[in-house]
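Residue numbering begins at 1 within each chain, and the chains themselves are lettered A, B, C and D in the order written.
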Amino acid sequence: MDLRQARTIKERREALEKELRVKLAHIGVFSLDEKAASTKNCENMIGAAQIPMGVAGPLKVKSMNGERLLTNNYYIPLATTEGALVASVNRGCKAITESGGVTVDSYRAGATRGPVFRVQNVIESKRLCCFLEDHIDDLKRVAEQTSHHIQLEKISSIGVGRYHFVRFGFDTQDAMGMNMVTIATDAIASYIQEQTGISCLSLSGNYCVDKKPSWQNVINNRGIVVWAEATITKNVLTNVLKTSAKKVYDVWLGKCMIGSAMSGSMAFNAQFANIVAALFAATGQDIAHVVEGSLGVTTAEVVEENLYISVYLPDLMVGTVGGGTGLATQKEALSLLGVVGGDDGKNAQRLAELIGATVLAGELSLLSSLEEGSLAKAHQRLGRGKTV
Amino acid sequence: MDLRQARTIKERREALEKELRVKLAHIGVFSLDEKAASTKNCENMIGAAQIPMGVAGPLKVKSMNGERLLTNNYYIPLATTEGALVASVNRGCKAITESGGVTVDSYRAGATRGPVFRVQNVIESKRLCCFLEDHIDDLKRVAEQTSHHIQLEKISSIGVGRYHFVRFGFDTQDAMGMNMVTIATDAIASYIQEQTGISCLSLSGNYCVDKKPSWQNVINNRGIVVWAEATITKNVLTNVLKTSAKKVYDVWLGKCMIGSAMSGSMAFNAQFANIVAALFAATGQDIAHVVEGSLGVTTAEVVEENLYISVYLPDLMVGTVGGGTGLATQKEALSLLGVVGGDDGKNAQRLAELIGATVLAGELSLLSSLEEGSLAKAHQRLGRGKTV
Amino acid sequence: MDLRQARTIKERREALEKELRVKLAHIGVFSLDEKAASTKNCENMIGAAQIPMGVAGPLKVKSMNGERLLTNNYYIPLATTEGALVASVNRGCKAITESGGVTVDSYRAGATRGPVFRVQNVIESKRLCCFLEDHIDDLKRVAEQTSHHIQLEKISSIGVGRYHFVRFGFDTQDAMGMNMVTIATDAIASYIQEQTGISCLSLSGNYCVDKKPSWQNVINNRGIVVWAEATITKNVLTNVLKTSAKKVYDVWLGKCMIGSAMSGSMAFNAQFANIVAALFAATGQDIAHVVEGSLGVTTAEVVEENLYISVYLPDLMVGTVGGGTGLATQKEALSLLGVVGGDDGKNAQRLAELIGATVLAGELSLLSSLEEGSLAKAHQRLGRGKTV
Amino acid sequence: MDLRQARTIKERREALEKELRVKLAHIGVFSLDEKAASTKNCENMIGAAQIPMGVAGPLKVKSMNGERLLTNNYYIPLATTEGALVASVNRGCKAITESGGVTVDSYRAGATRGPVFRVQNVIESKRLCCFLEDHIDDLKRVAEQTSHHIQLEKISSIGVGRYHFVRFGFDTQDAMGMNMVTIATDAIASYIQEQTGISCLSLSGNYCVDKKPSWQNVINNRGIVVWAEATITKNVLTNVLKTSAKKVYDVWLGKCMIGSAMSGSMAFNAQFANIVAALFAATGQDIAHVVEGSLGVTTAEVVEENLYISVYLPDLMVGTVGGGTGLATQKEALSLLGVVGGDDGKNAQRLAELIGATVLAGELSLLSSLEEGSLAKAHQRLGRGKTV
């Protein structure tokens, strides 16, 4: 059997084993729905990568529900190959929960697509800009004809030379939504071309900005914006984290603020990416979006002898429907958080808030361990490879 | 059984199922070595996330071997939940291979750790700087005592106020190495403190820069630096990619250069992150390092009617030993590429080059599809969610 | 006479001459109104720095006036100490004018002030955000009570931890306006504090962003936004600039796009800063704003054998009233451009457009000279120090 | 008299007056050497812009001289059109001097030029990289043949696609040196082309990076690097600055650190640009270099009830010979600082340190006034336009 003729996952795997003389015994062990996965999620499928999944928690989370705060405890699923990560997050969860919990808030900035149009000159560029302003209702209508789950909410645009970049922002309910917004933007672009004669050079002009670190997304936001904060008591700092508010604060200032400034970093935090990656892998998010999820700012303050600590995540592209969220293991991970499927956008937003809450636990734990000098020791003792 | 008393993966899973009233039937299906995974890779393990794995290829790769170019064909394992990605990379592989293959080159910049020290004033800051310059041999010795697989290769440092940031660069052979460099840096920091009385505030001062987008890493490099290039013939552009050199070039310039400049992006490419993420997940890399792997520049040129296309990846943190590379499915994915285990650093470098080659295939394919306007149509037809 | 007792410019100068044993014969030669300058522009005044002023031009400029283009020729005043700059700009003006002129367009983004407020927690942060949305008319009223020449036009805000940053955007007519917007923002901040109990930590929270390179200003604009473009004919490229469209294009792509991307530059141009600095010094602008004026993007295209070239300046903080614009020599420089004093914002906008047009001339000239390799030779021949 | 036929400054001015019907009475009043200025500093000269010059001080400065600290008092010349600036700096000087003075340190990173070469492919790119490594002595020799005052000290290079960027770093003694380094780089580029057949696309590939904000310069430095620090006593904070250490610290953290992080700023300070601009204009520096001088980091700490404050300037391009430093008023300003002419690089370095010391005074003063809320009030009272 030649690989190109292989039609099933098994055939493909066996063809590879034969051709490359390797054994793929484990890749072939998986329980997810082959048919669905191989048509919706992965072409040329040969099996699955298994990534160990652990849980951290319970994590006490207080989220704003209108005027009131709702409190719940959560166990957080984390899929990772990096030893010490789950333990580290777990320690953060313990410290936060024993201090009364983490408060979260969020805002739906929306999924964006940023095509680039080709104009003849600065005058046509201005004409396109005016067209967009004058036809916003038409553009909304065109976009919304492509799906019941999408709404065009924001447009910003800027010309440079004979290019005109437009950033369309959409509400995509519980879907991360890049598929939908691409289709909607394609329809919008066709409409614009029909009406103005100005053609679209590329449906994505890196003005979205998708899966790249960008100030556009940090400053003007993308996906769901999340804030999480907690005040860690002196007692917990001493007993759980073996440190003090002042020590964590000093590490935070030197590392997350001054260190990031000195190294030209776009991320003013300790390890957002580690937690975002583990949660994204567990819950079926697009892991390339970890790039955007790594952005954001941690703040710390000493309040009396307690530690106020917060995280701000400006750009979380997540969803609870579509993409990898329907795969069996990923769906089960979402079920741990109580956010399976669609719920008028509320599930995606709750997922984002829980990611923010867990990111806070990760920051707290790492900043405490860096200070106490125990980071290297823990690694050495356990023979593990977690990085910060 | 309460979760906190659970000792085995199964007990933990069952405790969660009971407490949260969810079913975790699939997370419990996996073949990887429970004991190893639950101690080396993931604490509080409850099972595994299964991520569909496909292959793209064959991809013809020419790598520099001393003065000669070695040619090989590769099948590339990609673990992803995003439909259309493997198909897209596959199309790029086909176009490249039919055009004669991709040439790769690489350079080992090394894993880095960037601690921050606390000094009394600008005079002590200068003293620390001089100490580092004068004691480089001692520091090398201290570092190398921590492991047979590590060598301290580079030191750069800068003071600001009462902080002094130092960036240590190491050769870690075939390991991605963050564990090793953390331990080595800890030893170095202790030595510095003994000798100078200047203490280390944090083993990582975000001057490494680990898992954050940063100009430090783009400009001064980190991990393995990779270049890959190919010239796609007019014939292949027409028949395989349904486009032309000029059209791909125009999209590249508008999107990867001008679009990225306009949006304050640190990444001047089309979709590095997608390919890096899928290869990292498949081969057991730390997926939080996708953040660094998303950085880099794509260039394109029309040469007669052919298309020259290249990628430059300044910051690939990868390895073939340690971390998740020893897990069963991940090891099998590495075996597809012929880079299982250690080989004096050559395996990690080859893996990095293959990632670069595949990234090139991804860029070529996406830039072609954006131009031809088929991106949205493909998504619509297949009901899929790949994003760019 | 001791310096501290000196009351007049002359006394101060003589005290310094005596104390430091230096001669200040030239600093004391100036014609500008001592009284006005020493009270409005410069405390502890001892005289004036004389910066040589030259003119470049004529430069043929076509600006949009409603639906029509108005054409005028201008002589551009440039104050500089760097030999070759005026000659270089002059060459660019010649090439543009002989090719039919430069087309300009502009947009008043407005002067901004970005204070930072202190909140108790994420809930209060949200409350402040809502307050701003709900009281925009009140805030406008408060702002406009501080001056007849100011209007509050835009508000954006973001919380992070216990900080809340707000960016207020104002129309300040023909004034660059930082004085006015500071006073207006102070009034707004007081009002907010009265109404909400939330206090302002700093009237400027570096969220303005004033006199610092920032993506906030590049992406969301500040001051006046300007576009300028021209198509240089093959004939002019050959005879005036001794080059070809293809050669200029190649230099532009390698330098302004790829070079800037590789070096982490926020400016994708050749030498905006040189021209902006010389025009700012000549016309009494705040030369610290050269920092913002250096930002922006140059584009080039080969159109048949002609060269299309454009500049985009996202952040020009300029005015024709207030600050240094009333000083005698600076006012005369403004008179050369026909933009002395206030005219409902039109003079400032015209000045900004002329700066954009001149910046285009500078880009064209330098990109041509870099290609032809004549840059160093010109410097060598003339013994001059112009830098690029 | 037609402008194009005008040969003298007076003729040019009169031709403009006639053609544009304006009066240029003041631009024609200046004392600097017309012949020298019009040939070395400014083509098509019509006169001079007069910028009011004031002095701040005395400022007590302690600079490192081998192992010892040398203390001197300085009066700082500032040329500015922005009211309140000199007064603000003066207040900072007073506070610093009464607290015992400012300690400065510096390092000569060197002037840089970053040409871009065109290579055929990744293999030739590697060949060029090796050539540079193997021929460093030859390149030094070639560079040094172009001037007695220049030495090639550093080379770094990176390839991307068919481009290869090289950054040459030079010691240029007391000259800012861009003229020299351009000529030297031209000679080096010719030599490289002769020896390798690889041609230079552009003498500046924006890899220098000249007069643009760039992380390359922040991280790897350019020109002269300066540190300045002082500890302001509680008494001075109370009596001179009307504030407290804690208040200044809070403003610093919110504005210079968190605010700059939130707005994507490359500069983590309060107003470096204002002071750098005024000193550059006064002392004949290239004012377009204010862009680079605006970069840098301010730090603050509360030490008991005193305030430690520091500035770090990574990129000061200054000199005491060449460019505008020989003009009469500029030379006199340099004489106030005791740094006229060349002295084996020592004068330029001392000038840079004094700029750093003055920048510190500016930061201290502004951060104090922002806190006390007096910024707007001062402006309102004086009817002035200083901006921050």
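Operating definition for what follows: a residue touches a chain if its C-beta (ideal position, glycine included) is under 8 Å from a C-beta of that chain, and two chains touch if they have at least 3 such contacts.
All figures in this text were calculated on a predicted structure; none of them were measured in a lab.
Annotation of chain A and chain D: jointly contacted by B, C, touch as defined at the top. Set side by side, C-D and A-C show the greater C-beta contact count at C-D.
Chain centres here are Cα averages; for chain A and chain C they lie 38 Å apart. Centre-to-centre spacing of chain C and chain D amounts to 18 Å, using the average Cα coordinate of each chain. Residue positions 160-161, 163, 215-216, 218-219, 258, 260, 262-264, 266, 297, 299 of chain A each touch two or more of the other chains. Chain D meets chain B in the complex at residues 64, 103-105, 121-123, 125-126, 159-163, 215-216, 218-220, 227-229, 264, 297, 299-301, 308, 310, 312.
Across the complex, chain B meets chain C through its residues 215, 218-219, 253, 257-258, 260-264, 266, 268, 297, 299.
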